Amino acid sequence: MSPTMIRGIFDVLSLSSVLILLVIGMAIIVGMMKVFNMCQGELVLLGAVTAFLCGKYLGNLWIGLLLAPIVVGLFGLLLERTIIHRFYVNPQGALLATFAIGLVMRESLRTRMSTQSSPVDAPIQSSITIGGASLPIWRIVIMFVTLLLALAIGFVLIKTNLGMKVRATLDNPDLVSVSGISTKWMYAGTYAFGSALSGFAGAMIVPLQTLYPNLGYDNLILMFIAVMIGGLGQFAGPLAGAALIAVPGAILGQFISPVTGQILVVFLAIIFMRFRPVGIFQGGR
Amino acid sequence: MAGNDYLTQIVTRILIYGILVLSVELCWGQTGIFTFGQAALFGLGGYVVGLITTKSTLTDIGILLLIAIVVGAVTGLIIGIFLFSGKRVGELYVALVTLAISYICERLANSWTVLGSGNGIPGIPYPTIFGKEIGSATGLFFLAFVVFAIALILSIIIVNSQFGLTMNAVRDDEERAEFFGYQRSIVQIAVFVFAAALAASGGALFAVSEGFVSPSMSGLALSTTTVLWVVLGGRGTLFGPLIALTFLEAVNIKMQEALPSLWPILVGLLLLITMIFLPKGLTSMPAKIRESRRKTASS
Amino acid sequence: MNKNLFKKGSTRRITAIVASAVALLSGLTFAPAQAAPTVKVGVLTDMTGAFGIVGKSNKAVAEFTINEINKSGGVLGRKLEMVLVDSATDAAVATRVASRLVNQDKVAVVVGGVASFTRVAIRDVIAKRGKTIYIWPASYEGNECSNNVWNTGSAPNQQVDPTVKYLLSQGKKTFYLAGSDYLYPRNILSRVRQVVLAGGGSIVGEEYVPLDMTDPSNLVSKVLASKADALFEVVVLPGTGPFIKGVVDGGFKGTIAGTLFDEGINPIIGKQAEGLIGVQDFYLPVTDPFTKATVARFNKQHPEAAGLFSATFNAPAWYRSIYLWKAAVEKAKSFDTAKVNKAMDSVSLKNSIGGPVSFAPGTKHLNLPMYLGKSNADGSNTIIKSLGKIAPYECAKKQ
Amino acid sequence: MKLLEISSVTKKFGSLVAVDNASMFINQNEIVGLIGPNGSGKSTLLHTICGRTFATEGAILLQGSEITNKTPQNRAKAGMAIKFQLARIYLEKTVRENILLSLQAKESIFRQLRSASLKAFEVKINEIAREFQLEEYLDEPAKSLSHGQQQWLEIAMAMAVDPILLLLDEPTAGMSPKERADTALLIKKASKKCGVLIVEHDLDFIKELCNRISVLHHGNIVATGTPAEIENDPKVKEVYLTRV
């Protein structure tokens, strides 16, 4: 295989793993909780900021990777208990309220930044050479972390007692509250968990991208489309959806212009979603 | 007002945005079509007029508006049929698709050379009416006022007709409406087409009165801002959103000077507080206060 | 029956709305400033939004320059008054505030704009409909030849030609062109193509990425696969850093050049900025006595914007813009737009940041002293060569 | 010709069979009851009749023409009207507007825009409101009505369009005995003009009212007959006794 082909395959894997990692948190909050969370991008951003600050003041991005899910998870818990929980019965309200939260977070960061954007160095900056192609190790780390994370969460949700309780609660809140599980804290905990995952994703991917206020917002539309293609109500669907738009996008990007590729993917996704008959987005009230 | 061109231009712009707000209010506020990308149609009208006036000698505002309205309505029809024919789709799906359309439009306006590759189309000439140039701020104001007034009157007539009741029925419970025998998809498509034509005519007016069009005109920022005006003003009322638009634009101008970087944050907080405490919009505040007074009085 | 269909009291409500709207809006008219003998200079820049940082620099430079002029007696004996407006990185806001400057504040000149879409949006409001002089102080994609509009930043040929010629002289034969998908990169890269081909080099690839693409891996791979001797790139934020990082870390062997590398932009790239080649009208190490003294004074008077005095933030262009206008007014002995516009065509400055400048008659652009520079890992720049005055190929002298 | 004929209708949700090979019919001016315990599939069967879901197998005929896969709109046009289990009326709208909404459903958009049929419907609205004891509430929002009145309003809305087939899903749920009796009278009166299908789990209410009753259990129709026959049917006793 030529180095170009190796790089081509690597790009497809890398771009899809990045999008899947970004979508994992959303798969929990939008996919399973069915909260149309417009501030998901800003949760990613908050994770990236946490990592950036740790890198800058502690000189160690590893601490940032550890702290980001904790900080963003707690923030998510706070959000859920103060605001989000009011909107479970009102999906449009949830959309608008979380849009407002995202706006506030984004603009707050903008006023604090002294440059248009800040680069963040990856904790591992070296590359390995395979077949003549030099591949950044950090991207490989992201691939494995994404895979492990997706498998682990899937396992917890399907096989463990806790996971089953969570799924039962989200599927039928009335039933479970009778059986003694606190629905209130189950929802809060799940939202916090989804936030923590997004925060972690932000910390992981910011070295590949760059820290700027629209980091999350610019990724948001693709993230949403991934979730909607995958369908709501379960965890794995959105991840499959992410792969389903990232892989063709990355392959198309190699042969035609990335501009056309991106528009084409969004366009096809809209049409695909129209005829995919599941989730609260399709019918039902 | 004639003495101050700047103020006249601000009012003109508010009237033009008012047309856009009416189109969102008819869709979302009255019929429950959660359009999150109405600016795409606004931009469409603007770019159509921009292209025509800069590539030909046509400047007659009547013809320009007509073309914009037709193009907007046809586009609205295509999107409407895609979204609403056949099986029902959820309101959030509509929101995401319209948002994505707005995103694609902004992207195309940035890419396509014929659309100015991001710089937009400058140098749009003053419009003419019966061969006479409308070349002053006051003239443009009257033009916008007339079109806005027609749009508003049409909207009032529609909302207060039997069809307005039908629109509300589709908004409040579209499945129930189907069981009464309403052609739900035709109602939604009809409203969407009318709203698209309104938005496009607003865009056309924007193009001739400002003399330029740019990608942000069809983009996410304007799309979401329009929804914000409707939320803050109270969806389901025709005048609430218009009041919110006027109020916010006026405050916006002051605040951009006074607290430039804090202003967007304050807008976000205002929206959040409204969503939590006054889900029917700021204009519902007096009624809400009255109600709570009554409650305390009776208890 | 009708009573139920028609909402109650709509006429009353309309009256109330119109009244409140008028009241609100009338709050926006300001009492006209007292007839002082000052002359207003409109300063329009993005204080907020994506280009807020650039606006911070622009504002400080404008303030600094106007203070300096006022201290030395003003223009035609009248002091200058700065009217600052924020265009918020948004074309629609820009036209509104431009209209305010022209129609309400009645400024004598407007200097401003960061992005090209702002220039395009406001120039008719100011120069055509408003009949006021508009100075556009930014390096840009070219082709701005409107009446009453004057360009004080560098034209594409002034940056591109010497950069490409230098690369060719270093034995670079194959070029890859990469940019963000909008007008500026497209025009710059089309100039690059022209000069490369004229100089005997070849183009091995040309590609654009969406404006908001945060992860340009595809483009990085295409560049690496091309094995080009040189990469000329105009990928703007947010892609700049990730793109250059990817190319450098991916083991790109060639030289990377562009139009947007200097002390202002390099920090957003990080240590991968090392070795980037470009041509600007100013770099911090420019050491003629006038430039050195002026920049030092600026940093002292404007500590809030110290470190923001850079070519890509248009700082030198803002400085000379206001002085060039002053020179034209003094030459015309009037603030009248038509007269100043006529005088502008051949006006020159002996002292300016980076060296003397003069309008090339008929071109609406400046003969500019340019510098070939190379970026270092810490974001600073080294001047490879001082190129002297370069003529613009614009408007009447398009080549 | 039967008014409504359901022949061998089966409805599956994935592997779950909600209705299994059910057949029944309704004649003109007949009141037919469909009973069964919760989860017996009677709501699902009703939904396949009104078009909320579509039968997996079998056919549904209204006045001899097949409607199995028709949309709810088209079924409404063919003369079917429904009252849902939980009253689905427009709570923010007035009683008058609610009835008007039912009446104008088949008007063209252009007639609606001109409010062309407003006058003609006014008489009809007053008439139907009087019949359902809602006259004094005509200009009150529907949300201010009592629970029973809301149910009546929905029945009134269904009756207003002079349907040929009236579907009633638990029409007396949550009503007082007095209201139940009134409702029974209203339904009786309605049956003079159309066929009625009542879905209930309460045998006592419909045995007075219905000409015939079908009993659904685990998706199967286990018995059909006159109220007296049904009451004495051992299978029906079993179904109801095992539940209690």
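In this document, chain identifiers A, B, C and D correspond to the written order of the chains, with residue numbering beginning at 1 in each.
The rule we apply is simple: contacts are C-beta pairs under 8 Å (C-beta built on N, C-alpha and C of every residue); 3 or more make two chains touch, one makes a residue touch a chain.
What you see is a predicted model; the values in this text were computed from it and never measured.
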item	value
Higher-contact pair (C-beta pairs counted), B-D versus A-B	A-B
Nearest-to-centre chain - CA centroid comparison	B
Cα-centroid distance, subunit B relative to subunit D, in whole angstrom	42
Distance between chain centroids, defined by C-alpha means - subunit A, subunit B (Å)	32
Where subunit A and subunit D are represented by their mean Cα positions, the distance between them in whole Å	47
Mean-CA-position distance for subunit D and subunit C (Å)	71
Sequence positions of subunit C contacting 2 or more other chains	5, 48, 52, 181, 208, 210
Residues of subunit D whose C-beta touches two or more other chains	97, 115, 118
Touching two or more other chains - residues of subunit B	107, 111, 161-162, 165, 173, 175, 261, 264
Subunit B partner contacts - residues on subunit D that touch it in the complex	50-52, 71-73, 76-77, 82, 84, 88, 90-93, 97, 100-102, 104-107, 109, 111-118, 157, 161
Touching residues on subunit B, where the partner in the complex is subunit C	4-7, 9-11, 13-14, 107, 110-111, 113, 116-120, 122-123, 137, 156, 160-162, 164-165, 210-212, 214-217, 221-222, 239, 242-243, 246-247, 250, 253-254, 256-257, 260-261, 263-264
Partner subunit A, residues of subunit B touching it in the complex	34, 82-83, 87-93, 95-97, 99-101, 103-104, 107-108, 111, 173, 175, 224, 227, 231, 261-262, 264-265, 267-269, 271-272, 275-276, 279
Residue ranges of subunit A touching subunit B (in the complex, touch as defined)	36, 83, 86-87, 90-93, 95-97, 99-104, 107-108, 110-111, 221, 224-225, 228, 259, 262-263, 266-267, 269-270, 273-274, 277, 279-285
Subunit C - residues contacting subunit B, complex	5-7, 10, 13-14, 17, 20-21, 24-29, 47-48, 52, 85-86, 88, 90-93, 95-96, 99-100, 103-104, 116-117, 120-121, 123-125, 128-129, 181-184, 186, 208, 210-211
